[in-house]
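Reviewing the structure listed below.
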Amino acid sequence: MAVATVSTQSGAKPKRSRSQFAQAWRRYRRNYLAVGGLIWVIIFLIAGIIGPWIAPYSYSHTDFLNVNSPPTWQHIMGTDNLGHDMYSEILWSIRFALEIAFGATLVSFVIGIVLGLWAGMKGGIVDQIIMRLVDFMGAFPTFFFDLLLVVKFGRGMGPILMAIGITGWAGYARLIRGLVLSMRKGDMVEAATALGASQMHIARRYLLPNVMNQMAVSLAFGIPNDLTVMAGLSIVGMGLRPPMPSFGNLVAQAGSMMLGFPWMMYFPAGIFALTLLSYLFMADGLSEALNPRGGD
Amino acid sequence: MAILKYLIKRVVAMIIMISAVIAIGYVMMYYTPGGFFTASNIASALGPLAAQNPQLYQQILRDFQERYGLNYPLWHQILLYIWHSLTFNFGYSMQNPSIKIMTTLHTAFPISCMLAFGSIVLALIVGIPLGIIAAIKRNTWVDYTASTVAISGQAIPAFVTAALLVLLFGVVIQGVLPVNGWGGPGHQILPTPGQAVLPIVSLGLGTIGVVAKYVRNSLVDIMRQDHIRTAQAKGVRYWRIVMKHGVRNSLTAMITVIGPAFAFTIVGTIWVEQIFSIPGLGQVLSTAFTNDDFPLAITSIFILAALISIMNLLVDISYSLMDPRVKLE
Amino acid sequence: MPSEHLLQVENVSKRFRVRGKTLHAVENVSFNLDSGKTLGLVGESGSGKSTLGRVALRLLDADGGRVLFQGHDIGRIPKKQLRELRRDMQVIFQDPQASLNPRMTVGAAIEDAYVIHKIGTKSDRQQRVEDLLQRVGLPPSAANAYPHELSGGQLQRVGIARALTLDPKLIVCDEVISALDVSIQMQVIQLLKELQKERNLGYIFISHNLAVVEYISDEIAVLYLGEVVEHAAAEDLFKKPSHPYTQVLLQSILKVPDPQSETTQALMHIKGEIPSPFSPPPGCTFHPRCPFAQDICRTKKPEPRDIGHGHVVSCHFAE
Amino acid sequence: MAGHLFEVDNLNIEFRRSDDKVYAVNGVSFSIGEGGTLGIVGESGSGKSVTMMSCIGLIRSNGTVKAGTAKFEGHDLLKMNRKQLEHIRGLEIGVIFQDPMTSLNPLMRIGDQIMEGMIEHHYATPRDAFDRTINLLGEMGIPEPKTRFRNYPHEFSGGMRQRIMIAMALACEPKLLIADEPTTALDVTVQMQILALLKEQQEKKNMSIAMITHDFGVATNFCDKIVVLYAGQVMEVAETKEFIRRPAHPYTIGLKNSIIEVGQRDRALKPIPGMAPTLTSPPTSCSFADRCPLVTDRCRNELPVLRQVDGNHMVACHRAEEVLNHAV
């Protein structure tokens, strides 16, 4: 009768193999904080994209009749000491934050991938030089370099984006080089080499698919980091030049007034904190979902 | 002997690295339109003085020219500047030529150190137990809560935490803790205990997160390692295994995160001092930058970079002392 | 230059630099291999047998000596030509899981060889993959499985199938059975033997398991600290082990006792472990552990000597 | 059945997996006499390691003992709480593991690791424990024990680390030593050294050994009684001599035929086809049936129980007698 279910021979049980993406998503979905984070990040992205159209005022519009106004129907998040509508300011901040953070992360990421792959696959003196450079960039907070660069090149969108971008690649380069090295030494690459595969083929078919996961995770952590750096520049007065709003500017500016007009701090600081939290929960969930640590 | 050789090697490497930072800073400033490292720029900055006190003006101008070697080629100026910095001969601030930079550092540096070390200590005291508890109760609500707290700390930068704390203690529950300032009349460097709480807490939260998460993950990994099973097979009590074989090993590994955490904290101090109006190095740095006071700005960066380098060296040495497998080389 | 041999390894050496110290992985090793024959490389860990196998395929570059494959010096030929040549020389690894891309199905992994060398159409390739799977004893459905879904034995069959894709003439089998259970080991050995007969393959069979090496090989080289200490036809080696190390190795194998004799094997052993390959002992590298060591062994390195019928031994006292 | 130091009866163990259960051990019974050496032989996944480890409470957290007893000197280990087990482990039962490279704490001096058990069990005062450790290291064949005491694991070779593991396991002179594949990770020449050392220590201290191994050569030369496990079930139990002379289970015979020994160049191979199953429901028929050359309908429908066929020779096969009488 009920014969012992013995899974022998035939091996392939296609049930599980669907796709790794589906499995990762299944794990991700179970993590409520990560899902919450993802939802907020999506809202944030949408706000960034359509923000300029739904913002009731321009970011430089000043309403002199309603200076330092608490939230009202007219200004749902109040106004600041110059009569800027906080709601509009925040929408524009999201826009600028996204542009700079995504742009800077992209720049860092591209530099990191190129240098990391180069160092890892080439080895030898190239590797030595690149790694010395990585060590140097990693030894001190890149924030110092960002400050110097911003002073040199100015406080506009472009310069800030580039400053954050060209100082932030060390981590990516180190990660990718490490992954490539660990795999290059492994049997997998050796087996492909033995088949006569070219370096290009190995990189494309064997290395990249296996480093994708970790790269996605490090990217997910990279964006909130760049958001923080960007705001941090404003805190020391080196961020986007007003009147362009940014979370950093809004927080810095509210710093001196928040005891009297706390809403100037509530909204930007709250939304910014929530955003960073969401990004981190999302990144953390992503890393757990893509690289499950086995376990019980 | 080996240690000595290692130390010399490390210190030399450190000096080279810091020199590179200074050089980069100098070059940037040199080529910045408003930069001060040209004779004409200095002359124009000292403009009003020329009329008021021509003699002093001439003297300061000569001073500057000599100090920065403004008549020499750029590489010479850079070397000269590096040499001055490394010998702690920082000269005068640009904004306020009568004040020696060293004098400014005298008060600012200890304040920033207090903030940074205070928050690191706080992070270790809170983060380590939090990580241990999360690891032992892994995959329970305790673990999830601790992990969530840790991530939150990591996510929210110190200036936002600081701002929110100021709102909390300045608006919601007033009068419990002071929300700005440092020291008082007669006490420039030492704060009142109350003054120190909020800055240190807002700085420390991020590091608490980093430490707790690291301890938690490494402890979970270690408790799955074979040698833990060996200890169990010896009949060692559970708690002793956790502490002696688990936590001890995981703390050894944790030393390596103190270096980066310290660097992270240093940047945090710059922000937090801004929010709480604390007259530390961070505030010096940011005023220097906003006022284009480049000698002061570069010097502040130099001091902070040196501090971080020394800390990294200490971390590496203590790691090699804790882990017999690590050799200093 | 007569090139009747499939593979000629001549005075090959390989060193690694590890943190400023030199590791002598392979020292001055020579051997020949013909089509349809198997050369066994035996040795304990650190003997350099795996490194030698990789040098023979130029997966590692030799530091000295040369390797001729069908008369071509594979250390000299340009990369592009080498890639073409690789169709004829393949490798099977100890850990098939590690040698397969976890993100490629088994079918894709096998097919990749055809993709690399641009052989056949898509459906053509798939047919070949199915044939190969069948040949190594796996159902065609296995092509859709990912490596983590198969057992060790099944994966090793995949490893074999992949090595066969390009119809090679030489296969290096690097500890191919040591990660498998006994009952599965036998299946794999049998498969390898059959394939050799069918396709006239030359094998370099690397293993620490003397009995299996004896079983499958025509000739055997015993390695100790990167050097060949004894090289002979398989029968000769086991009938008349002439290097003390070979003798010790043979005595160290625990056989299931003979049902008739009823006595179990004495647990006799030699002292010491393999010295660090970073600082091999002077003279004969085996002398610190050798039960017969004399003064000469401590100072003078023994030259390989033919003691008859191509039985070569590197020992001062072998006869 | 008196005089048995350690007796496992009808042990059942299950492991939870993400979407099913694995029946890893199904009704395993055996015993070890005082001073005896039992070889527990099986391939990977046969449950040989899990069986012994679960008896002393070192089972992975997703595994549970569902039924059975494991009596050590008459006391059921499976009924003991953590404290009681901790008291038995190390003091009464010592363990050696397979991989000496990872089984030692890398950050602790090896001397301290050996002493730890003695001090924990109040077996010796710290001073005595120190002296004993030095002696033990010497006995294990580690030169210069006084200096080596202060070394860390990474400063030793694999063979030396396994000697340290043995010193640790023997520190409190346990009555039973569980050796879980103690030589699998070692080279053959070193394997010999370690086995000889174990034998010598066993004779000196009159302890029992449970040798878990996949290697018939090790089991038949080292042990005086052998248990063969397959799919978490005992296939055959016999004294080693009987086991060598008259194996009665087709699986045992197949396994023995699978071993290639020196001097068998001309032998034809007769591998066991297929592979060992992973049971996801309790066995109701012979688990070996699919691979067995002697399979009958009965084997596919009825679970063979372990039964005595001759003296102390037990077999779980419907056709054991036929095999023994060379009727098949």
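Order of writing sets the chain letters: A, B, C and D. Residues in each chain are counted from 1.
What we mean here is this: a contact is a pair of C-beta atoms (placed from the backbone, for glycine too) under 8 Å apart; a residue touches a chain by one contact, two chains touch by 3 or more.
This is a predicted model, so every value here is computed, not measured.
Closest to the protein's overall CA centre, chain by chain, comes A.
For subunit C, the chain with the farthest CA centroid is B. Inter-chain centre distance (subunit A to subunit B, centres taken as mean C-alpha positions): 23 Å. Centroid to centroid, with C-alpha atoms defining each point, subunit C and subunit D lie 31 Å apart.
Subunit B and subunit C, compared by their mean Cα positions, are separated by 55 Å. The mean-CA centres of subunit A and subunit D are about 52 angstrom from one another, to the nearest whole unit.
Taken residue by residue, subunit A touches two or more other chains at 9, 296, whereas all remaining positions touch fewer.
In subunit D, the residues that reach two or more other chains under the touch definition are 275.
Listing the residues of subunit C that touch subunit A in their complex gives 54, 57, 59, 83-87, 89-91, 93-95, 98-106, 112-113, 116-117, 138-139, 141-146, 149-151, 154, 162, 165-166. Residues of subunit B that touch subunit A in their complex: 17, 20-21, 24-25, 28-29, 31-32, 139, 148, 151-152, 154-157, 159-160, 163-164, 166-167, 170-171, 179, 220, 224, 263-264, 266-267, 270-271, 274-275, 282, 285-286, 289-290, 292, 297, 301, 304-305, 308-309, 312. Of all residues in subunit B, those touching subunit D in their complex are 225-227, 229-238, 240, 244-245, 248-249, 252, 322-325. Within the complex formed with subunit D, the subunit C residues making contact are 44-45, 151, 153-154, 181-187, 189-190, 193, 208, 210-212, 214-215, 234-235, 238, 248-257, 259, 262, 264-265, 267-271, 273-274. Of all residues in subunit D, those touching subunit C in their complex are 43-44, 157-160, 187-193, 195-196, 199, 214-218, 220-222, 240-241, 244-245, 254-256, 258-265, 267, 269-273, 275-276.
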